[in-house]
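Down below are the structures I want you to see.
In the two complexes below, subunit A is the common chain; its partner is subunit B in one and subunit C in the other.
Showing the complex of A and B:
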């Protein structure tokens, strides 16, 4: 009856600025202090006693981490405390980063999206999280902040192993940056799950295609997977198979095979590994086909 | 260590100064400290929607929200304002008249979610209604009547505004 349990005791601090957060975590003892963003996962972890922090650092009051800002270079910058609801309401995301909009809309219901944040979805390091694969196909960079300063890295290098990130104990994820979308490009995220809604992902496939000026040759392909391995990951060998090629069913088969050999899905009560591999094969092709179609239709209109 | 923290919560337009423990959820404080048991507790993990309340007009699961983080925000529950709330009352009447209430346990959450929905989108389509309620379970499975009740409330409130 975990659901009836109260949360474990903790002391609560509610910093107002990023600088305050950084100094609160500068001691760096992981089980001592826990960051609470939306809390949609963190509260459940505490209820199940998977985490029993002495101190909870609530981030909801840190207004400077809640923003969606268009950049001078044509890119987009998103604060870690931006809720999924705010992502969905941002015109720049709907118009220029459709894959991110499409993905956020598939997570939970309104109650969840009003509090769950992009930072929590990434930093939670769940292999089934839906935003990281979509963001990886957009070549997202992330910023880690600490009392020592800040550093940027590609999101694809953030998850070294199951449930972990490369962030140090004194660092927090503060910002996500998306480069300006290339012309003739499009992506899609296919989330496979048993129910229509409110269900965790069995396998999620993000694909993003950038075409050459001829509108047919694939200049770049980016593929990223939820639940394809112990962490969300980019399948870079599979991507290379299609680069510089003309789009076609035969090469698509080869990409899907390569993606399967880069994957190592697990067996759980939701699905066994073999089933997940079949999903990866089928959904990889479907996601690339759809992305290619919408990228090449842009070519037609310009 | 004295665990109690003084907080001030604004619920249905009324201010409550209470001493709470920081690890209490908003749901626990509403039900146990403030005695407002209209908001229900069921799954405790954000799946069922019975604990839905509005925070600054947005619908959230009170079981996944710390009470201490609700300070300074406007909380609205199924109890409504003491002076009465026409929109909330119309939604409740529509639920009753359209047979959308069976055992009634999911009703407060559904009504609150409806208030949020109609605030953003006064004339939702059936798909939009179903989409707004994905986080709500009715184990009596009376979903058809619930959708009808929300359509009824939407059209009555629209007529009201025209008058």
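Showing the complex of A and C:
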């Protein structure tokens, strides 16, 4: 039976600084220590005995990981322990990264958003996570910290396979950086689930459109998917179909078909692969259409 | 002319907030899990991981040795007596002894100083199983050579009913039009927010007391006596607040109840059990998944001449109330349309799944889905307006149905008309934009059933010296408002305020015997008993008052806490004064008793012939939906319902009940689905078992209900049922609305976006073929 059991026994450590965290995980074997961010997934995994760590390192007390900071270059830096609620209350995100605001607002209910973190949603490496596709369409970079130092990488390269990241056992996702949004750009994240709210994503589509100065030609399109494959991924072949093109329904069909062929959704009791593909096709078009409309209306007002 | 005939009331008919609402809203209502007793232990149940297996051995020694564990029990600690609802279907055991028949079946129980220790001990109980072949599909289970679940049930037939009224063969032979369809329904759960919970105490006198959130405490009481092989008199069941019922485990004695008592006997301590929501969703008590084959013959103008229904119900591993479930399905095919000739054949089949029983609307919901979906198809085939075909077939007041239901009040035609007006049916049907549609659905329900065993209800009212009363019945308030409406009935008769009535919870040691809270029986059955009890109290008070006032007791009326001579209204005395005079000077015990037995007539459960209920309630509704043609998602735009609940005693509670019933049916039609693969529940959480939320429902402005008011002579103050009927037509209405919006006819529940999209794409392909 897969009942939610009592929590397994473990040792709990509550470091206060990033340096402490890095030294705590510096020599660890993979199943030995578990990093605990908001815990909305991890606690359930432990109660289902999918993870039975000897030691749990709670990140809640690491204040330096909880921030939303505007950068001198016009970009935005977000600490990994920032809760979804904090994301939603940050004016910079509401004003300049609407897709991230929109996505965070659609996850769970207030209780969950008060504890779930952006870092946890990414590092959990679940294909159904909603923030990674939105962040990928924003070309997010992530910082991995360890006692050896730190390295930056694009989020789109972070998930090599289902449930895994390329982070080493001694590394921790500590920061997310978003570049300054281009002029005449806009994005949206559309997800499908059975109920209108508080539900698991069946398919999620993030689309981000950057227009040329003419306000009509698509300079850049970024597409990323939740539950379109074993990992969240960027559909770069599909993106290429629209690049340099004028927006139109015909080319949109071609983008959607390309996105479908780049996807490999699974069949589960939640939904069949064929149905997920239908959703990918429909939502890809809708998301691009909506993003394009929003981006081109910016041109009109300037 | 009495006030009752003139329908002039002080209390009845006034929207009255539920008496327990402030308590519940403040979080002060004590539910079973809130009970704490000195030295109380916590129990946990070990459940079978196999859908079908023989238990070869159980070694609990390591579990018993764990520090903090006080006792471990297995099936062998009980007398081995099977218990159950119907005499011929007693197949439950408190804990499995030699065989487990579904994943989640209870095998052992532990009592420990806290929940975590109890759960840890479960890991240490070693059970050796011999895994047996299992069967999950009822058709497979009926085949020769299929694994057999229960020895006394060859072919895994857990229950069978058959009935025929009129001459079906001849009627079909003469029918101008015949069609056959197959409908399939799915497994759904009650979804009550309070999981099952109980506290058991086995005292030093050998008496066992169970505190628990039971809807029908006396059923539990008898079943405990059966399974423990004790005299009922040595058992006491005390009802706590019930956090949602909807039938299921709160109707019956469950393994947790037996184990709480047995573990208390072993340890000498109180023992508490509380199910997790996963356990609730795994153990069963589901609405029966069914295959319903329905053949209907009509005249050219759409009048039904015959119906033949074959029903196959997936019963799961145990009987529960399943024998009655399939009987009721057949009986209710007789409502709300006239069907002069009818044949009904049904099997309920054992499979290695969590078991099925009753759930709000019982099996009426499934039957109405099939019948009202098919009626729409017939109307389309014959070119008859969907409302017209319903009017043409509508049962009328005074009818006697083929199976012998004697129809009293039954304002079905008016329900249809009113829904058409409220919903704007005539302006909308066929005129809405593409992928928007409106559909109609109808149903009916009983106001309590006459059963072969225990049918009657009773009530007792005791006058207190301050002029207030204690009212006891055997009926429980499970959130539906029984406490309030019973208090209203008593207050109306006694001429006092609702707050002057204290409605006590059921305690088998103190309150009148009652079959329980199910089948929409309480307002009518218990309500009549309460009214009679209050009238008896009035009679006693009038006698005292008459003597004291020097007037004929017959001339006295009760109102506003006074007793008044209606021939000379200046002659009046306060109720309290009379009560005190009677008690203090005459030593009177002023108390009244009332009963309601639903008369002598009984239904013949073998033939299905008889008048099952004292009153019947028709219902109609219209649903408007919008369908996303690219994803198949259904958005509920509006729901408009009407039913004939007789005269609503508390219109506020009736509104809550009918809207609640409709919402449950919306959930069942569109989202709720307990998914089981090889007997394993895949979605045992309220995240994944998807009940609708406010965002999934029509806006309140488009969610209306109307009561067609009739005066039902059988009911107290003209009342009939309200809690279940309103949900029965909704599923078909949604199917019909989706069809109107998309052209897709869904015959299989639930109506998932995936199935709707597949239907839309199939239609497009067909169109493409015909065009080319």
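Here is the rule we go by: the second predicted complex is superposed on the first by the 298 of 302 C-alpha atoms of A that agree within 3 Å, B and C clash if a C-alpha of one lies under 4 Å from a C-alpha of the other, contacts with A are read in each partner's own complex, and residues count from 1 in each chain.
The definition used in the following text is that a residue touches a chain if its C-beta (ideal position, glycine included) is under 8 Å from a C-beta of that chain, and two chains touch if they have at least 3 such contacts.
Since the model is a prediction, treat every value here as computed from it, not as a measurement.
In the superposition on chain A, contact of A:257 is made with neither subunit B nor subunit C.
Within the superposed three-chain model, A:169 lies out of touch with both subunit B and subunit C [touch as defined at top].
In the overlay built on the shared chain, the residue A:6 is in contact with subunit B and with subunit C. By the touch criterion defined above, A:70 lies against neither subunit B nor subunit C after alignment on the C-alpha atoms of chain A. Comparing subunit B with subunit C, the partner in contact with more residues of subunit A is B.
Residue contacts after overlaying the shared chain place A:20 against neither subunit B nor subunit C. By the document's definition of touching, neither partner reaches A:212: not subunit B, not subunit C. When the shared chain is aligned, no partner comes close enough to touch A:220: not subunit B, not subunit C.
Shared-chain residue A:197: touches subunit B and subunit C both.
With both structures placed on the common chain, the touch criterion links A:279 to subunit C but leaves subunit B unconnected. Comparing which residues of subunit A touch subunit B with which touch subunit C, the overlap comprises 2-6, 196-198. Partner subunit C is touched in their complex by these residues of subunit A: 1-6, 192, 194-200, 269, 271-272, 275, 278-279, 281-283, 286. Subunit C contributes residues 47, 49, 103-104, 115-116, 119-120, 276, 278-279, 282, 630-631, 633, 671, 675, 677, 682-685, 687-688, 690, 692-693, 695-696, 752-754, 757-758 to its touches with subunit A in the complex. Subunit A makes touch with subunit B in their complex at residues 2-12, 14, 36, 38-40, 43-44, 46-47, 56, 58, 60-61, 85, 108-112, 114-115, 196-198.
The part of subunit B that touches subunit A in the complex is made up of residues 3, 5, 21-25, 28, 41-47, 49, 52, 55, 58-61, 63-66, 68-69, 113, 116-117, 131-136.
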